[in-house]
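Next up: some structures, all given as structure tokens.
Both of the next two complexes hold chain A, though its partner changes from chain B to chain C.
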Partner chain A sequence: MWQGVARGIVSGASIVIVLAWVCADALAQTGQLLSFSQSDIRRIRSLGPWPPNLPPDPSNRVSGKPAAIELGERLFFSAALSGNGSMHCASCHVPARTWTDGRARGSGLSELDRNTPTLENLRLQRWYGWDGANDTLWAQSIRPLLDQREMHSSVAAVARTVRQDAQLASMYAKTFGRLPGAGDERVLVNVGKALAAFQETIVSARSPFDAFRDALVAGDLVSAARYPEAAQRGLTLFIGRGNCIACHAGPAFSNGEFHEIGIGYFITGSGVDSGRHGGIARLRSTRLNLLGPYNDDRSRKAAIGTRHLREQQRNFGEFRTPGLRNVVLTAPYMHNGSLATLCDVVNHYSELNEERLHADGERILKPLRLIADEKNDLVAFLESLTGVGRGAAPAERPAACGATVR
Partner chain B sequence: MMLCSIPSIRNGLLLAALALAAVAQTADRPARPSSPYSCEMVGGERLSGTQVDVMYRVVPGPITIGKHFAVAMLVCPHAGVTSPASVTVDATMPEHRHGMNYKPSVKFEYGGGQGFRYRAEGMMFHMAGSWELKIEVRAGGKIDRLTRRIVVE
Partner chain C sequence: MGGVAARRGRWAVVATALGLLPVGLLPLGLLPSAALAQAGGARMPIFDAHLHYSHDAWESVPPKTAIEILRQAGVMRALVSSSNDEGNQMLHAEAPDLILPSLRTYRTRAEVSTWARDETVIPYLQERLKKYRYVAIGEFHLFGADADLPVPRRMVQLAREHNLFLHAHSDVDAIERLFRQWPQARILWAHSGFERPDAVRAVLRRHSNLWADLAFRSEQGTVSNGVGKVESEWRAAFMEFPDRFLVGTDSYVPERWHYVGGNADFSRAWLGDLPKDIAERIGWRNGETLFSGKLVKKQ
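The block that comes next holds the complex of A and B.
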């Protein structure tokens, strides 16, 4: 019997040795896996899974409905919604440019003050626009239609367009169960809800980071080791000394809230951009918010944030934390597009000018004083958030932030 | 032959001194009056003040960064203390020098043999790190300011 047990032990040990050998061989073939603590792994786990499984928006009764998505897509690319028939949503949110325009500041019928944000992953947001002036995607979708510097239409003109275009009216009836009625505002809101239904379908593809995150969480170290070392080092900075994860949290890499990070908010020729401060005022002044009559969620559960908003002095100059998925494809950066490259962004946090921060702002914001290698690692990590099939792999890109002089 | 070494005698004396100090401290501290309320809450944590004890529980727990949550509370006045006049709830990040972006609303639900039930809605911890939950209860003409450090990752 003991011989059998001994044979079993020897056999088991052999399997372990063989597995270790195979593992080491595989790791040697794929790359080096850095050491991540349990705390690190918990933080990395919190950045996924991706894509998330999201329920329809309860404030929008046509959210997730195929007919609404079809109508929304048609409206998104329809110039008839603009005041002079020259622009559509995709004029600024260009699909081939990751739903941005590549410009520092947007340009509608005239120049704007802020950078055009991507439309990816909007369903995960709580507040919309850089200042969070809207609490739903459908209300946010209406804003540029009416803004005189953007599409410069009107409530009546949008409603008239939908009523008079036979195909749009038919799609509207299929989506909302009736032809567009006499109430202009109701038609406008429904246009916003169809546009929202379409935009909710725009979700970033899985990235190399997601494959790494899933492998690490599953304990598949061989697969995890395929993630480039520079990106691993950058991730270590992101969740550790850099503490970027404090704001860029969760699967979309955004806590959805507002911060002042020392980016100027003066607007050429017209004063200052008050950011979240003005956003809260606009949100409270519109009946198109979640506390108003067009919220389809009778329980009003989703309105909890709007109901409990706290207006504070420090909101002045705060802007919403943007998500970071596909961030390499959405340059330039910051609310005013003032930083051209990811390297510029990393340099901003590395050399942060504390004198430009609010006296009552984030006390944890300190210059990171990164060396060039660390900056390159951080950029490599950010590049690894690019959806597969969307641009060069991080390992193939040249060092963006120079080399460290030793 | 020595039964005890000098270091062990020293240790014994030190232990005795600590024990005496502990007894003296207990004697100085006024005994907490017993509460007429059972003050029980499943899964709750207790905070003790001079006028009241508060049992609280985060709903839904655990706290997720950037997600709204509520705080269910059971306020239990100590013997001889009148029922709570007001309860407020807030939270700050002392290291960051800011609080929440939301102002919670607190509603009284009901009172009974267990204590007085309240619920704070609209809470949100929007950043990872160390938060300080603050529950302020006005009762018996005095204010109890109770705090609990909560770390969220």
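The block that comes next holds the complex of A and C.
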């Protein structure tokens, strides 16, 4: 069996065949490796390496600086930043809940319309928020501070808090080289930049998938074979017939762009969440974007995308592709938390309601019509993206998606 | 910004005023464009040539709400189709002055890719045509050689018998085939076929009975700080064929009814970059010329 499998994996790569031969006994003991073509391996390679080695954010001059990270962490857990002193960032982005809140839709000072996203791996994003209404993490970090439904503070109040708290003011001076000045907006932006510096450090741990990916790419078939077979089958679907990788691409499993995937976007009452359409409008209208005065990158390279953004008809009802690392720990799912489990998500794509898709919209979206075993395999693969040491407790693990129970 | 306000001032709002008139008692088409344009107000009216009111919208956007959305958006008339057709009739009953029904060729949108081979479509169309009045058949999705299948051929015959427009979401090949079946057909080309403007112009030159809607398209114009600009290739198309384009929203999911107003504003903004006469033709006059008066209220 192993010989056939190995041939499938390494066609055209004799060095790997030799390695497989040497390790035949070990391979037989560890598990079975499915057949992955060179094309498959190229796709799998594109989902790593992890963790990525990312440079500091050029738009944020304190990105990656220890003093800024320390200040940002303190601010993140400080209720003084909210309007009535009752909330902090971690009220919704709970560290023990993978920086989410476990609710379908967030709840700040009042109920919100969208699901609280995880804060892991934010440095890899290009647009922030479900609607991409910000083009930097520091600007996105400011948004909930001022939103009246979330922390309901004000530019002046945030600045005043930083100025009047001796410890915060001292940390601010250490980070930015001077005490908070008279300009409220500048202080607010620097608060956002410190918060961003802290959040950039929140990175998912390596997962079983990463070990498999690295082993496969290196030709270490023995190690690769330790990856559960169901997850391998799920991965095959993910990169193959399911074509999930078209949007959930790259090391963070997100292309960072926006799509309408057949999820309704009515909100409480009679209105709708216009998603990316409204997000683009808000991004273009704010001073706190990469085109504005607070971008620390004099080259303005990253601002090109923002400069050319225009609302398109198709953007109405589009939402950002979320990453998938630790996805099993961040239920419920979708922009409005309308799907409770990963099985629900897989079922959504399996039985996709084509009536909700425009004939010239997301052309790659077709109902996958998966059988129960395939759904379970896909979920097994998604579970394998969980960082080592962060495995969900059995009670938290999603139920099998069909009749077959592993 | 001042420019936009000034342009708004030049145009008459008619839809709001229409809501005050007892036009539901009148056969459609009795209100001439000139009368509409004199109704007074600030915004240019919009003829929305591409709306759907399908089954999944009836509860979330009830007929009264849908009509209110149209009136608030300054939509003077709307070409509407629904899957199934009951939605059309509910909406038309609510506002006969506003709604111009078009008969879809399928009963659920899921039939979008199967209807052309489904022989039950024809008796369905015949039954609806016997019972209700329409200005068009469509929007239907039809591509390439499928246009010559028996069911679409019979649909074209029905349009001919009832003197109806065809609202075709089609590629150029299917448009050509439809015209070969019925050279005098009047076709509204949904989304302008998602073709580039030079290709649209080429087809418009070949067929004087072809009109093109711009629903679900944005590249023809941009809006920045409320001021619109028309892209140069599209400008050339609009200048060459000012009588052949219409705007539309395409409410293919119920949520998009809440985009009717936004799209009307977007349309007004980019149309504002065209000469006033051409902007008015594309914004509403072409629709009025083509469709108003084509529907006599059935008692």
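By definition in this document, the second predicted complex is superposed on the first by the 369 of 406 C-alpha atoms of A that agree within 3 Å, B and C clash if a C-alpha of one lies under 4 Å from a C-alpha of the other, contacts with A are read in each partner's own complex, and residues count from 1 in each chain.
Simple rule for what comes next: contacts are C-beta pairs under 8 Å (C-beta built on N, C-alpha and C of every residue); 3 or more make two chains touch, one makes a residue touch a chain.
Since we're looking at a predicted model, the values are computed, not measured.
Asker: Which holds for A:A246: it touches chain B only (first), chain C only (second), both, or neither?
Answerer: Once the two structures are laid over each other on A, A:A246 reaches chain B alone.
Asker: Tell me the contact category for A:Q313 with respect to chain B and chain C: first, second, both or neither.
Answerer: A:Q313: touches chain C, not chain B.
Asker: Between chain B (first) and chain C (second), which does A:R363 come into contact with in this model arrangement: first, second, both, or neither?
Answerer: Only chain B; A:R363 stays clear of chain C.
Asker: Give one of first, second, both or neither to describe whether A:E354 is in contact with chain B, with chain C, with both, or with none.
Answerer: second
Asker: Is A:S274 contacted by the first partner chain B, the second partner chain C, both or neither?
Answerer: So A:S274 only meets chain C here.
Asker: For A:G83, select first, second, both or neither according to whether it touches chain B, chain C, the two together, or no partner.
Answerer: Touch partners of A:G83: none, neither chain B nor chain C.
Asker: Should A:G102 be classified as contacting the first partner (chain B), the second (chain C), both, or neither?
Answerer: Neither partner.
Asker: Overlap the chain B and chain C contact sets on chain A and report the shared residues.
Answerer: 310, 312, 314, 360
Asker: Name, in rising order, each residue of chain A that touches chain C in their complex.
Answerer: Residue list for chain A touching chain C: 264-266, 270-272, 274, 277, 284, 310-314, 316-317, 354-356, 358-360.
Asker: Using the touch definition up top, name the residues of chain A that touch chain B in the complex.
Answerer: Within the complex, chain A contacts chain B at residues 39, 42-43, 46, 126, 245-247, 249-250, 255-258, 304-305, 307-310, 312, 314, 360-364.
Asker: Per the contact definition, I'd like the list of chain B residues that touch chain A in the complex.
Answerer: Of all residues in chain B, those touching chain A are 65-66, 68, 95-105, 121-122, 124, 126-129, 153.
Asker: Touching chain A in the complex: which residues of chain C?
Answerer: Contacts found on chain C: 54, 56, 60, 65, 108-110, 112, 141, 169, 191, 194, 215-219, 222-224, 250, 252-256, 258-259, 262-263, 266.
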